[in-house]
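Below are structures written as structure tokens.
Shared between the two complexes below is chain A, which has chain B as its partner in the first and chain C in the second.
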Partner chain A sequence: MSSPEDLAEIQQVCAGAIYKTEGGQKFVFLPALIVRTGDNTFTRDALLTLRAHSSYASRLFLSEQIPGRGGTYQTHTVLGRTWCTPSWKNVPPGRPIEMLMQHLKAYA
Partner chain B sequence: MTTLFRAPKCLIDAVRDDLYRRHRFAAERVGFLACRAARLANNGLIILATEYHPVADDDYVEDPTVGAMMGARAIRVAMQLAYNGGREDTSVFHIHMHDRAGYPVFSQTDLTESGLGRRLLLASTWTQTCGNQPIFHSGCATTILGMELMDPRLVSQSFLGPDSDAILAQAEVGVAGLCGGGSHVVQQLAHVGVGNFVVVDDDIIEEKNLNRLVGGTRADVDAKFSKVSIAERVIRSVNPAARVIPRSSRWQDAIEDLRRCDVIFGCLDSYRERDELERFCRRYLIPYIDCGMDVHGTSGTFSISGQVVLSSPGGPCLWCFGILTKGRIAEEAGQYGKAGSRPQVVWSNGVLASIAVDLFVQLICPWHGRAQMTACCEFDGNRHRIETSRLDNLAGSRCSHFRPDEVGDAFFVTSTNVGA
Partner chain C sequence: MGIVQTPRDGNGPERAAISDLAAAEADIEKACRDIESAPEHALEEIDAAERRLAEAKTEIKEEERRERLVNVTVDRVLKEIPAGTYVVSAFKARVGVAPDRELDEIKNGVLEPLADNAAIRIHGHEVFVSHPRTGGSS
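After this line comes the complex of A and B, so read on.
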């Protein structure tokens, strides 16, 4: 779930993706991730949790909200930086690329 | 440019133990601190010490004109340390001791060879005056020298040390959450003489808060005053000279200011927020004092309980103490959005806040030997007792949750302006 192969796979989508850890939690940092919403495209730094976080099976944190998408956002401070994330549930831990794709459906 | 230096106590202890060893010909010992960094607003910087590397015995060179002279190999080792760090924010500082009383000052040799601000200096008596705690403002010595008379307002607490008024006046303290617990903490810190505050809460005072929010009035409720405005007013009524940064926001939106703080108090309602705030503090090597209170039970059988935890980098954390558990966070998440407020009372908030301020003061102005860097005090409000058994059970243990290298900005960006 956090192997070099998994990372290589997600780097196909976001070239600068790297693993980060904090207090026993593991993340994939996705700099300048492209988020597509219908006709629009947004660029956001993102942070994907690889395990449960704040009682969600996993979460995708964004550097800024996506206007008009994602519903209600919460703010969290992770890795010394404040992020926002929508209430998008039920993305279980698995291959990071699959988790990312599931989370991005919140903005489609 | 503001530059702060922080180090975990366990690291400072290791430094001191090494630097106090005698060398066969050098009059003093020297070493290197490997550090990471974090950004402050206005191009400021926090230097965060992560490892200590003593200079090997054979790497000293005999030189009667200085206390210690390093050979070329010692310098190469230091340069290799910086290179091995592999991150843009890795830095290496030369460190040695000045065996004198009072605030640390740079010697003429320090100033001549390195220049103020490039070299860290650790005064042996820093431990006595500041409890060996990780507050270290570069240049602090120059701003404090010449201050001989204690602030008359603080004469009754002069037992905290001859420089204690200056130490407290220089300290910058963050308080997140300003209702029952935080309002008590803020009031006491103002009386104690803390000079700089970052107070954070996104709420306004409501009628239901009047049973416990210290300083809050009926008129404040009518005027829909923010809790940070009330905290600022309380602080200024005691100490008009205090610098107060009120942030009427969630603490997550005030991290630029909180990052600069020497100590942070968390008086937050949720376990999830307390978890995140402790993680934030660990990353920036900030001692974190967490206050929590609860009332359990049903009609006729209520019990009041609470706890204050002093969580310092390297030591046991809220997870180690069992204050935070996955079960508690999950249970809390299940309650999300449910109507009704949690019961809170002023007298128990006051007990917990007093313990929290006690832990803070002993941390930076210890009056009974060496500072206690870790504490877990549990309050039983029905039996009027404070227990420390959780700490006793973890005596001497290190935190297994936070790694020593998980410090500094995780996304550090080198600026060409740094040091300009």
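After this line comes the complex of A and C, so read on.
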């Protein structure tokens, strides 16, 4: 779930994607990720957990909320930075790009 | 009398095959004209021209078959499929994506979700990623 091939695949949609680790938890940092919401496009730094995090099967943290999308947000501090994340659950660990696609449905 | 050789113009195998076809047809016409003046040579020329005609037609068909097939990448795997327009559900079946998975295309670095009933045009080199339909608001 965290191979170079996985990283290369997700770099097709976020060229600067890199793995990061904190406290044994592995993440994919996605700088300037494009988030599409219907007709609008937002750019956010994002952090994808590759395993369960804070009672969810996985999380996609964003640097800022997406206006009008994602429902209720929570804030978390990860890798020394404060992130927000919507109440979007049941995205199991898998290939990072698959996980990202499922998390982005929260804003569609 | 020998068969007239038509120079190839170097614009690809299909154009060369079409050129060969035209040359073979010209040979046949010429051979038919020659029948009246030299029947014994004309029959040989007709046989040779017909062989060239058959070869040229085979070459054209093979080239057309090659041109229709293009490569796309689906979940990192290269697939060879005919170019053209597909309904997404049929495309998924064609490239081995399970019907219950959702398909996205990566276009200019952005994930574009594809509805199963949408139409997509395949030109070659497109990149697709599928994923399970999970995830939901709590």
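Following the convention adopted for this analysis, the second predicted complex is superposed on the first by the 108 of 108 C-alpha atoms of A that agree within 3 Å, B and C clash if a C-alpha of one lies under 4 Å from a C-alpha of the other, contacts with A are read in each partner's own complex, and residues count from 1 in each chain.
Here, a residue touches a chain if its C-beta (ideal position, glycine included) is under 8 Å from a C-beta of that chain, and two chains touch if they have at least 3 such contacts.
Note that this is a predicted model, so its numbers are computed, not measured.
In the superposed model, A:97 lies in contact with chain C only, and not with chain B. Of the two partner chains placed around the shared chain by superposition, chain B is the only one that A:54 touches, whereas chain C remains out of contact.
In the superposed model, A:88 lies in contact with chain C only, and not with chain B. Contacts of A:106 after superposition: chain C is touched, whereas chain B is not reached. Put chain B and chain C next to each other and count what each touches on chain A; the higher total goes to C.
In the superposition on chain A, contact of A:13 is made with chain C only, not with chain B.
By the touch criterion stated above, A:21 is placed in contact with chain B alone, chain C being left untouched. Contact with neither chain B nor chain C is seen for A:39 once the two complexes are overlaid on the shared chain.
The touching residues of chain C, counted against chain A in their complex, run 76, 102, 104, 106, 109-111, 113, 127, 129-132, 134-138.
By the touch criterion stated above, chain B contacts chain A in their complex at residues 38, 250-253, 255, 259, 272, 276-277, 279-280, 282-284, 317, 319, 326, 329-330, 332-334, 401-403, 406, 408-411. The touching residues of chain A, counted against chain C in their complex, run 5, 9, 12-15, 34, 36, 71, 86-92, 94, 97-106, 108. Touching chain B in their complex are the following residues of chain A: 20-24, 29, 45, 52, 54-55, 75-82.
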